[in-house]
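Some structures to go through are shown next.
In the two assemblies presented below, subunit A is common to both, partnered first by subunit B and then by subunit C.
Moving on to the complex of A and B:
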């Protein structure tokens, strides 16, 4: 009996002795929703901007009234010789423990990106509190400005940016890059990192002064940053990014607009569906070349000039025009990457490595020199199968009557 | 009373007997002594003792009138053998359904105290115990603790004979044995052990009897006394003896080879051995169609998991593993907790205590007041406490959900043991996070695994895994599938016969020979069809063998 009593006492004491080690109360945490990284003042210095959610304001009143300020975020800036130093600096400002696990997005200023981001990649993959599935973007603005801007329909801008990427499959103006992808590309022998690019754009109209037009800045997806190793070497414009995404992650959909044949001032728009894109590497006499084949079904979603899907000739003409448009798009972008930026962000090296691993071992070290010289041929095949709900041409009824 | 008197036999002289009885029984007002003189010629003196309230007065009047009037009439006829008054009484005069002739004083006293009338004749040390039991008792009523939507509405009462009769009415099998025992030095409570002779596992009945015989206590006021004195794990929070108010539950347990222990003066009957999963099964499962039954059962398993772990998981996540909560949700939780001054663990303990207080108060108060308690309680806890910033609305939801879940567990005792083991889990989770939670959970699981109930593993048929018994564990299989009795009963293992899957007879006229179709004679056709369908069933049966 005595033994049992002492055992149970010991059990209780084991629990008490821990003193709740590692316990962090939820309301002692500052939940970081977005983080911006800029160059700091001085050599090798960093400036870290943390967008911290203020829960009482980020949600409607869920519990007792808690002194709302009306501002759902609280943004603070820390400076330091290293990233860790700068983050430590944050804790001398924040009244609560800075908690990173719910960070949604990492914003890096282009200024910093041009100098190299290997330290950022290292820090954000080394730290266990940070997630590898966080969006990572570059911006031409100061990262601190972008992070402190209230944007989107969400109360917390970090969440708004998160949803911009997560549900932004329709817009093909920026790739979905997570820190995991960037790290993988950086570590990889063959491919180079890319990052989505965001800017601030005056697109929102104030409800109070609508006559002044769009005056409020919002975060806008704006193309992609192209890296060579850890340095930013170039920017792809939003319309070029589509081609990049074709190579790296595939497209869910895409809209192509061409001028009408008869009326060049009017346009006809088609939406691409069910695309098949395949890159095939070739090796002939030590000469490397690639063929990229894009097969797509398309449907006419808008016609500025009379169009009917029953007219085989008209359909064939439109198909050709779109094929030409797409081929031009692919060629320009690939050319830009090859000739201007000289960086393989479209994973051609990876495709080649998978197909010819033996030969790859010979050339892998100087793939960076080989890549600009390889021949890339694009073939596009578009089939228009659908014109959504309208089968007939959209003509004015009066005109038709008078013609009869 | 002292043991010396119990073994004594009665005297031959009525005067001596009267003195003896007065000495034993004392002057209790409810013990009645009635003196009778009958047999006109011989003037036989007799004494009748009974307990007012336990014995049915009409029965007593009946046999006294037998003695006084009928007796005299009978004895006037010379043809009857008049030499032995005992034989006369036994065979010709008493019209009572059952009586006993004894000699021991102790037996007679026990009889008086249990409602039997004792008749002592002058000049004889043989004493009559005449069955006159009959007292005020509650009628058969709906069981208060185990309600069903579909199923019988009768529940056990405080009378042991009514209770055994309720079970006997469900199983009219001579193999259903009900054995009498008496427990309690002073209370002399009737305890009956029921089992079906050719189903019950070997040795089980002997073990039950042994454990009950070993009980040495002054009084048994409820079956809980017996439960605590015979259970396998007295120091465990788990109950290893099932108690029920439902006769149908007892009947079904008997058919599964278990032993039921009836105790007088309580509507709760004990069933052994019992298994943990049984506590999550309700009789509704078996009376509703099998799909519905299985669904309800699944809900109850969910209720068990929720009731056991929900609060601890919430506390653990909010105070240790904030990264495991989705961002949107954590913001909502954080906004609710913004002004709460307590750590989550304390908040949880506070709310759990408040909930238990409310439940207990609602239970103990008189019914009309009980409602007021629950209204005030829910308003204060649910509304005011949140408004005042003492607790977060999320915690109220969690505790309420846990409480509701624990009420969904059909067995009251099991629901309580789950509530009990929730607290160590909660404290461990609140102090060490996931580590504490999983360590405490493992401890509890190991403890539950070591338990036995009358030789059977407590967690069977899950561990040890018994493939055959799975038909009545997570899913309640339909009756035409559940053929075997569970837990390795000795004989008569098959419960349900072969080919019990209900099917309409083959009514397709074209599959039959065309010549058999008799358009005019409807009756004849029906008969031939019936004959044919019977034939088919017979063939199927042959195939099986």
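Moving on to the complex of A and C:
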């Protein structure tokens, strides 16, 4: 009897430990690599575009496609009154089960973003299949067009956009916004969300018709979208985005180009390194103000006019010119955010709350009205410490043709 | 031969008994009340847990051969013993609800959304009953391995999330006030209550009686060290508002962690490493409930009541978790009051009664020893 009971128990356990519950076979999955969200045809409707990898044709990095279609991606569009509806609609088109875990980027059209994206944030943070480190961007184009554009060196465009962000820290023209950051800023009492902005730009030259110049559109990082709660209220240009990233991402490096003093038609390029940026809040007689201090070391990476680091007078003048340039950039961007967009995407509320929690409790509900009125003073200190490989000025050996 | 476990195993059981629920479900509940101060509340609860654990160790030391139920029986006879056994049974019955919630919320919501709740209940039933049939020693040995997997999980999570850590999210402290922060600690106190009442049942089976206190404190201290990392990272990486948004905030953090570009989606790593802690909670609550049931019925061996006890607990676990609203309401409401109430009142009552009826207790012990 005991033996029978043990065997029965064992058999039941075998059924349970097979791991078959909820199984999904790899060859039955449609792996979504990028998703685009546009406004749908009806009122409050969504249009979801999914870029799905075609595994047989996406094999290898540069090898010839083996699936015989020559297309490494398969892009389909679903419509619905909710995102879930639209995604369900995709299932009626795709021959495989749509699988979101490998999605690299969520692209939202600016038209939709202006009307509010709380539903998008909710859907993508509620769904267990999606990664929280997925990039989230806005685009002035149709999201479906951007998602279906073959771009970059990778076979899968979604992977190309992923790498554009991953290795795009050097360009500093768009913030690295992931769904995790957008969700945290949206839920925050003090900060507002920002999102990277991408566009399509004719920058690629066809190998077959090189004489026509750049005619093929590629995905291009193009600044940032500024939100107030869940609505897109403005755009920051790439050069303004660099300032934004100082506040939000602790940017370590950057590039500044300034005109030569003696020859304004020529420029000197400087790379900023080891940037240290600190925002300090102040409270005096109920007046809130902030000081933003940027300290950086710099190296001259390019000189259109003669330059040597040995000439300390020239170095000091260049340092001043860069400081002026950077201060202007900071002031312009902060002014735009305060006066034009009136939204705290630079986390000043959070900084103030940390320093003055008691006073913050009094003003937190009105921070949106207080933020545009606070005084923000920027101070910049740049020290040129390096001129890379060159010591002497780059001058022509023929005196009569010399650059100076 | 009477089952005995080493002090190290006892130490491991304490850590495993609190870990699985404390790192995520509890932190989510606390974040909804006090935001970024969850780590302070966790520390406060640990201090309170230490006091209650010391109390239980002190009470059991008076009569090291018997657990809380045996001691009650010796104080006021069979029926009082049965009453305390019934209270203990109800405690572990109630505990099984949040324990199964933790098990189901992690596995079903993040991995197997299509699987029926019954599957998880059956799996817990089968694994739990199978393990406790072999006794405490088997569970305790597993718990020892569980401690190593907890360490591995903590290290991996730390590596995967530290680059995103923002200390500003932890400031300012006591945002909601000191009283609210202390009050929120009740959620983590409920976790410590489970470990405390478990100690009240299994301490007589722990080998070296002299170092009970030392190992108990070591268990609490290490438990605190392993748990405290989570509220700090959850607030600093996810932001307090995001941690509050989720029922299981630790899984949300696991979803957000990655090392390099290839090791992402930590959910699988997390579940693999914290499974032993989860299973220890299931097994120990089934074991302690079975021992309580055995003493209510006056049986010599708890093995005879394993199946009926597990059926009762599983039915309750299924009913509670069938509706998520009911499950969260219970673990944030009734369970907190039941667990903290029993963990404080029961040992305190036995301590006070034992103090007043010291002579009677001594007489009984001497008489039993003479037998």
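Keep in mind that, in the parts below, the second predicted complex is superposed on the first by the 374 of 404 C-alpha atoms of A that agree within 3 Å, B and C clash if a C-alpha of one lies under 4 Å from a C-alpha of the other, contacts with A are read in each partner's own complex, and residues count from 1 in each chain.
We adopt the following convention: a residue touches a chain if its C-beta (ideal position, glycine included) is under 8 Å from a C-beta of that chain, and two chains touch if they have at least 3 such contacts.
Everything numeric in this text was worked out from a predicted model, so none of it was measured.
In the superposed model, A:56 lies in contact with subunit B only, and not with subunit C. In the superposed pair of complexes, A:133 makes contact with subunit C only, with no contact to subunit B. Look at A:101: by the touch rule set out above, it reaches both subunit B and subunit C. Contact with neither subunit B nor subunit C is seen for A:397 once the two complexes are overlaid on the shared chain.
After overlaying the two complexes on the shared chain, residue contacts for A:159 are found with subunit B alone; subunit C is out of touch.
Number of subunit A residues touched is higher for B, counting subunit B against subunit C. Look at A:213: by the touch rule set out above, it reaches neither subunit B nor subunit C. Contacts of A:29 after superposition: subunit B is touched, whereas subunit C is not reached. Touched by subunit B in one complex and by subunit C in the other are residues 16, 21-22, 101, 131 of subunit A.
Across the complex, subunit A is touched by residues 109-115, 119, 122-123, 126, 130, 164, 168, 171-172, 175, 238-239, 241-242, 245, 252, 255-256, 258, 261, 264-265, 267 of subunit C. Partner subunit A is touched in their complex by these residues of subunit B: 318-320, 322-323, 327-328, 330-340, 343-345, 386-389, 392-394, 427-428, 430-433, 436. In the complex of the two chains, the subunit A residues touching subunit C come out as 9, 12-13, 16, 21-22, 101, 125, 128, 131-133, 166, 180, 183-184, 187-189, 350-351, 353-354, 357. Of all residues in subunit A, those touching subunit B in their complex are 15-16, 18, 20-27, 29, 31, 33, 53, 55-56, 58-59, 61-66, 99, 101-102, 104, 129, 131, 156, 159.
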